[in-house]
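I'd like to ask you about the structure that follows.
Just so it is clear, A, B, C and D label the chains in written order, and each chain counts residues from 1 on its own.
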Amino acid sequence: MGNSFGHLFRVTTWGESHGGGVGVVIDGCPPRLALTEADIQPDLDRRRPGQSSIVSPRQEADRARILSGTFEGRTLGTPISIWVQNQDARPEAYSEMAEKFRPSHADYTYQAKFGIRNWQGGGRSSARETIGRVAAGAVARKILREQFGVAILAYVKQVQRIGARVDYERVTFEEIEASIVRCPDRVAAEKMIRLIERTRRAGDSVGGIVECAARGVPPGWGEPVFDRLEADLGKGMLSLPASKGFEIGSGFGGALLTGLQHNDAFRMKGGKVRTVTNNSGGVQGGISNGETIYFRVAFKPVATVMREQETVDVRLENTTLKARGRHDPCVLPRAVPMVEAMAALVLVDHALRQRGQCGNP
Amino acid sequence: MGNSFGHLFRVTTWGESHGGGVGVVIDGCPPRLALTEADIQPDLDRRRPGQSSIVSPRQEADRARILSGTFEGRTLGTPISIWVQNQDARPEAYSEMAEKFRPSHADYTYQAKFGIRNWQGGGRSSARETIGRVAAGAVARKILREQFGVAILAYVKQVQRIGARVDYERVTFEEIEASIVRCPDRVAAEKMIRLIERTRRAGDSVGGIVECAARGVPPGWGEPVFDRLEADLGKGMLSLPASKGFEIGSGFGGALLTGLQHNDAFRMKGGKVRTVTNNSGGVQGGISNGETIYFRVAFKPVATVMREQETVDVRLENTTLKARGRHDPCVLPRAVPMVEAMAALVLVDHALRQRGQCGNP
Amino acid sequence: MGNSFGHLFRVTTWGESHGGGVGVVIDGCPPRLALTEADIQPDLDRRRPGQSSIVSPRQEADRARILSGTFEGRTLGTPISIWVQNQDARPEAYSEMAEKFRPSHADYTYQAKFGIRNWQGGGRSSARETIGRVAAGAVARKILREQFGVAILAYVKQVQRIGARVDYERVTFEEIEASIVRCPDRVAAEKMIRLIERTRRAGDSVGGIVECAARGVPPGWGEPVFDRLEADLGKGMLSLPASKGFEIGSGFGGALLTGLQHNDAFRMKGGKVRTVTNNSGGVQGGISNGETIYFRVAFKPVATVMREQETVDVRLENTTLKARGRHDPCVLPRAVPMVEAMAALVLVDHALRQRGQCGNP
Amino acid sequence: MGNSFGHLFRVTTWGESHGGGVGVVIDGCPPRLALTEADIQPDLDRRRPGQSSIVSPRQEADRARILSGTFEGRTLGTPISIWVQNQDARPEAYSEMAEKFRPSHADYTYQAKFGIRNWQGGGRSSARETIGRVAAGAVARKILREQFGVAILAYVKQVQRIGARVDYERVTFEEIEASIVRCPDRVAAEKMIRLIERTRRAGDSVGGIVECAARGVPPGWGEPVFDRLEADLGKGMLSLPASKGFEIGSGFGGALLTGLQHNDAFRMKGGKVRTVTNNSGGVQGGISNGETIYFRVAFKPVATVMREQETVDVRLENTTLKARGRHDPCVLPRAVPMVEAMAALVLVDHALRQRGQCGNP
C-alpha cells in the first residue's frame, strides 16, 4: 500500500529499477487538456541520470509513452497511464547486493517488511521510482499553469555549506537551468559544482537543500485541519527518496523570532489583501493566502559511496561492502524536478478539491 | 474536507472553539482494548490552557466523554466517539474579530476559502481543535504500548535560542513532566521559563522546537512510496497549528555531512540487525529499521500578541488591531502532547496496515 | 472500519443503540448553506419508531443537536457534528441476548468478528444506527434541492405480495406521506396496512420493496469505472440494515427483454437530448443521462419475531429463544427516509466530484 | 476519478478500447505469493471475445504482461502493474460513432460529462476495460485460495426466461466450463445456446442472470456499517458494464417471505455455529457468518444490435443508426469471469482489513 497520492487528482506509481519499467496512472485529470508526450519528456530529461558531469553517469533515455487517457491530443477525463521502459539493466552489477544490506539504503527494511526484495539496483526504493511522479507532475504543472495561472519553480539553495542567494519571487526558469547544478546564483553555482566534482573524485557524496516557490496560488487552497496545504506539501516532499526535512516560510528559523517579529501584517495593495512580509510562506491556518508559497527540503547525501563500509549480510553476519560502478555524488540537481512535481501534485489536487466543495477555484 | 487522518485507524475531528464543543470519531480501533475516560483525560489535562503560569490562562476543564464504541470498559471495534463540551464561551471578547483579520491568524484565509467564518475565538482554526487529536492519540498510544511495545515521548527541545541537551534514547516521562515547560534538561528548563515569563510581560510570544522519540517500533512499519513513515509523520506534525518545519534523524543538519559521515553502518547486536549510528532517525527507505524513531517540529511564536498591529478589515480597508484578553506567550508546553498524539496516530495506523498486508506486526 | 461514506461529501456515523447516543460527522459540506436542526428533525421523525400503529412501538424522541459546523444559521464548510442522545435504554429487557445469538441478527457475526459485542438491543447493528445517515441525508437533500435542483422521493412499492402502481415521474411527497405505510397508491396502501396489522398480531413480520426516484439530476454525474452512479447507489442501499437486493431501471426484469426492446432511443425534446423510454433508469455507462433516476431496494422481513426459534448460545450449545418486548412487524415505512438519505448522500457526493474534476455541476 | 477499487488490496484500472492498451495496478498485494502471467492468462481467456460461437467474434489475444511487483516468480509487496496491449484496432469501423450517440451506450453521457470522448469502440466504457479487473481478480482469487481457503465460482443462472437448476454448494468449475454458455445445468445450457444463436441470427441480443458462490469464507469478514460485505459486493457487481441488479441470499424473493420463514435458525454442527437454512446468503449484519456466500447479478441485453434505431447526432439532430460489424448476442458467458473477479477483489480486501484491525483472518 501507499503507492497512491492525492484525493481528486490521484496518482499511483509502480515499477522497480529492474523489470518491465516504471510508470504512473493519473486518475481525475480534468478533461480537454492538450497533452502529448512532448509535455512530459522535458521534465523526465531534467530528472534522468547522465544529464551532466555532476550526476550519476547511468545512461537512460527514459522515454515516456502515454498508453491511455488521451484522444487526438487531448485528455479524456479517464485515467492517463504513462509508461517508461527500463533499459539499462545490468543485474550482474548487483550480485553482491543479493547478499549484503547496503548501509543507509532500504535493502534491510524492505527485507524486514516484506520478507522478500528485488535486490537489483534498489528495486522499488530506487530513485528510478520518481519517474512516475515527475511524469504526473508535468501534467499537474500544465493544468496549474493553463487553468489556474500558477507557476512552480524549484532550485538548489544549498550544497553542503555553500548557500545561494535567490529571490524566490523573481527567479526564472532560465536562470535555474543556466547551470548544471540548477542553482540560479551564479557564484554559488560555480562553487557547488567544484565541490561536487571534488566529492565525486573522493568517492563520497554531498547533500543540501532545494527551495521551491509556487507563485499565483489564489487565496483559499488547503483543507484544514489535517490536509493543510503545508501538511500535504510536507508529506509530498518527505516522500521523496533521501529527504530528511521540510520547512515552509520562516521554518525552523521562525522559531527564533518573537510573535511581533514573525507576524505578517495585512495591508491592501492593488485592491487585494496582501501581507507586508511573508514569514507565513503563503499559507495561514493551512490555507493559501494569495502570497507566494515557498518552502525548503533537506536532502541527505546519497548513500552509495565508493568506499568500504561496515554492514551485515543476509545470513545476519557482520561483513563489509564496497560499492562499485556508477556513483551519484549529489542528487540535488535531479531532485529539483522531483520537488516541482510533488508540489504540483499537491497544488492541483487542492485546486480541484476547493472547486468541488466550494464551487470556485 | 480534510478533517480525517489515517487509513486503518482513522480519526475524524470536529468542532469550533465556540459552539457545542469539540470531538473526534475513531474508526478502526482494535476491539477488546480496555478503555475509559481515565485513559484519555491525563493527556487532555497536559494539553489544556490554564495548567501553569507560562501558558494561556483560559480556564477550561476539557472533560472527555466517550459516547460510543466501548462496552463494559472495553472497545467494541466500532467507532469511538469522544466529545468535550465547550465551556468558556465569551463571544463578546471577540467582537472586534468580527470586523478585522488578525495578522498571521487564519481569519482571512478561512473567509477567502469559505466566504464565511466563525469569528469567535478562531473557530475551527483554534488550537482547541487539537483536543480531538489528543484524545484519539491517547487511545492510539495505549494500543501501541500494550499491543506493540512502543513508547512515544515528546519534550521541548528549544525555546527561541535556548536549546536543551536531551538523550532521546533514555529520557523519561517523569523528567519531562518535572518542569512546567516540559523540558527534561533542568538548567535549560529554568532559562526557558524565565524567557517565557519575560515574553508574557512584554505582551509578546516565542516559538521553538519540540522533539519526539518513538522507542520499540519493530522493523517493517511504513508504506513506500508515498506513505513513507517520515512522510506521514511529517504530515501529521505539519497539520498542527503553528508548526512551520519538520525534520527526522539528522534532518537539515544531515545536509552538511558527506555520505561517508552520514551513513549508518549495520552491525549485529544481541542477535539483531542494528545500526551503529542513527542519522536515519529510525527510518530507511520510508520503513522503520528497528532503531528509535526521532524527529523535531518547529513552532512559530503564537500569533496573538498584546500590541497594536497593522491589518485589514472585512470592508478591505487598512486598520490596526490590538488583541485583548488572554494571551499564550508560548505554545510549546502544550504542543508536547499534541506532537505525541499525532505520532501515535501515524504509528498505530502503520502497525495495522503492516499487519493487514503482510500478516505480521 | 467502514463507518464512513462518500468522497467529497463524506459522512462518518457512530453510536450503538445503548450508550451515549448516535450521531454523524459530515465533512465537506459546502459553506454558506442555511442549516438548523429544523432542517433535520422532520426526516428523523419519519424514521423514528413509534410514529404509527404499524411500526415498532419503541418511544424515542430522537432530537437532533448540531454541535459544530454552523454559525448564525449557516454552514461554515467545516465538519458538521450531529448528535442524538439515547433515551429509551432498558438493558434488563435484553439480558437473554447476552447469552443467546438471535437468528438472522448480527449477534453472532459481531461476536465472531470482534470477539466482543454490545448485546444490548443490537449495539451497532441496530436500526438506530441509521439516525446518523438520515440526519446527514437531510443536509444532502437540502443542498441537492437548493443548489442543483434535484428532488429525491422514495415510497413503499410492495409489501410481501401486495404491489402498488406508482408513476415515479409524478408522485408527490404529500401523496406518499398521506398513508402511514408511505405508499402513494391508496388502494394498495389500505391492503398493506391490513397485512402488516395482521402480521403484527401473529407475532411475525413482513418485508417488501421500496422504490426511489431522483428527478432533475443533470447529465454527467457518476464516476466510471468503479464509482458508477448505480454502483454507489447500490452500495448505499445494500448498506442499509435488512436490505437484500437492489435494481436500477429495468433491473432484473430487464434481463427478460431483448436488446431491441430494452434500448432507450434518443430523441430531441425541448432542445435537450432525451430518451423515449427509460429502461436505463437515468444512468448509462455509469453516468446520469438527464432522465429521472429510479431504483428499487428489497428488504427482508425484520428478524425479530415473537415466536420461539431454534438457536445457539454463547457456550456454543443448541437452545431456543423467544423474543420479548417491542416488535416491528414491517420496517418499510421507516426505510423510506433511509433510502432517500442514502440516495442523497450518493448524489451530492457525485455532484461535488463532477464539479471538482470537470468544473461544472 | 473512480477508477480505483478496494482499501487495502487496491486496484486501479486504465485504458480505452483503442489506444495503447488496457491494464491495472494492484497496490497492497501480500508479498511472497508465487505469481506469473500463467496465473492470469486463463481468466483473461475466459473473458475475451472470440472464444466461442455465441460471443462477440472480435479476435483479441489479450496477452497479459506483468511489468512490476514480482521478482523471481514471487510478489514483492510492491505495486503489480499488468498490461494488455490492444491489437484489433479498426478505427474506420467506428466512423459513424463519431457523429451519432448509440442508444443505451455511454457515448452521450461521456460526452455530457467530459465534453470529449474517444468514440472508437466505446473508449473507456468498452467491455474491454474489464480486462484489468479480471487480471487483478485472478491474483485475488489465488490469494483467497492459497492463504484463506476460499473458492469463488460463478455461472450463468438464467438467459432471458431460460433458468437453470444449480446447487451453489456443490457445483464445480469443470461442470461450469463444460458448456460454452458457462451454465452447469446441461439441459438448460443447450436451450440457452440455441436461444443465443437464434438471437444472433436475428441481429438482436439477450440478457440474463449470473450467480456466484464463495465457499470457505470464515465468519468475520465485512466492515459495517457502510462497507458491509453485501454492500461492497453489490458495488463491485453494479460497476460491471450492463449490470442492472444485484441480490444476495433470498434477495428480492426474500421480500415475499415472513420473518419466521426467512430467519436462518442457528444449530451447532461439527463443532461450529452453522445455520439450518441460508436465506442470509452467508452474510448477517454485513459480516460473513461462515456459510457459503451467494448472490445474483442481472445483466441487460447488450446494447449493440444489428438493426436500425432512432437516435441523436452530435449536432443534436434526430437521426437513425444501424450498427455494423461485430455483434455480441449475449454477454453472459464472458460476464462469468468478470463477476468472479469482482467478488475476489471484494473478499480479499475484506480479508486484509479484518486481519489489520482485528489481527486474525
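Here is the rule we go by: a residue touches a chain if its C-beta (ideal position, glycine included) is under 8 Å from a C-beta of that chain, and two chains touch if they have at least 3 such contacts.
A quick note: this is a predicted structure, and the numbers were derived from the prediction, not measured.
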Quiz item: Computing the C-alpha centre of each chain, which chain sits at the greatest distance from chain B?
Solution: D
Quiz prompt | Comparison of B-D and B-C (more C-beta pairs in contact) | solution = B-C
Self-check item: Inter-centroid spacing, chain D versus chain C (mean Cα positions, whole Å)
Solution: 26
Quiz prompt | Whole-Å gap separating chain B and chain D, where each centre is the average of the chain's CA atoms | solution = 45
Quiz prompt | Cα-centroid distance, chain B relative to chain C, in whole angstrom | solution = 39
Quiz item: Got the chain B residues that touch at least 2 other chains?
Solution: 1-4, 7-8, 13, 28, 31, 77, 113-115, 124, 353, 357-358
Quiz prompt | chain B to chain D touching residues, read off their complex | solution = 7-8, 28, 30-31, 77, 352-353, 355-359
Quiz item: Mind pulling up the chain D residues that touch chain A in the complex?
Solution: 1-4, 8, 10, 12-16, 19-23, 25, 27-28, 31-32, 65-71, 74-81, 83, 113-118, 123-124
Quiz prompt | Parts of chain A lying in touch with chain B, wherever the complex brings them together | solution = 1-5, 7, 13, 101, 103-106, 108-110, 112-115, 124-125, 129, 158, 160-161, 199, 204-209, 219-228, 230-239, 241, 243-252, 254-268, 271, 273, 275-276, 279-281, 283-290, 298-305, 307, 309-312, 316-318, 353-354, 357-358
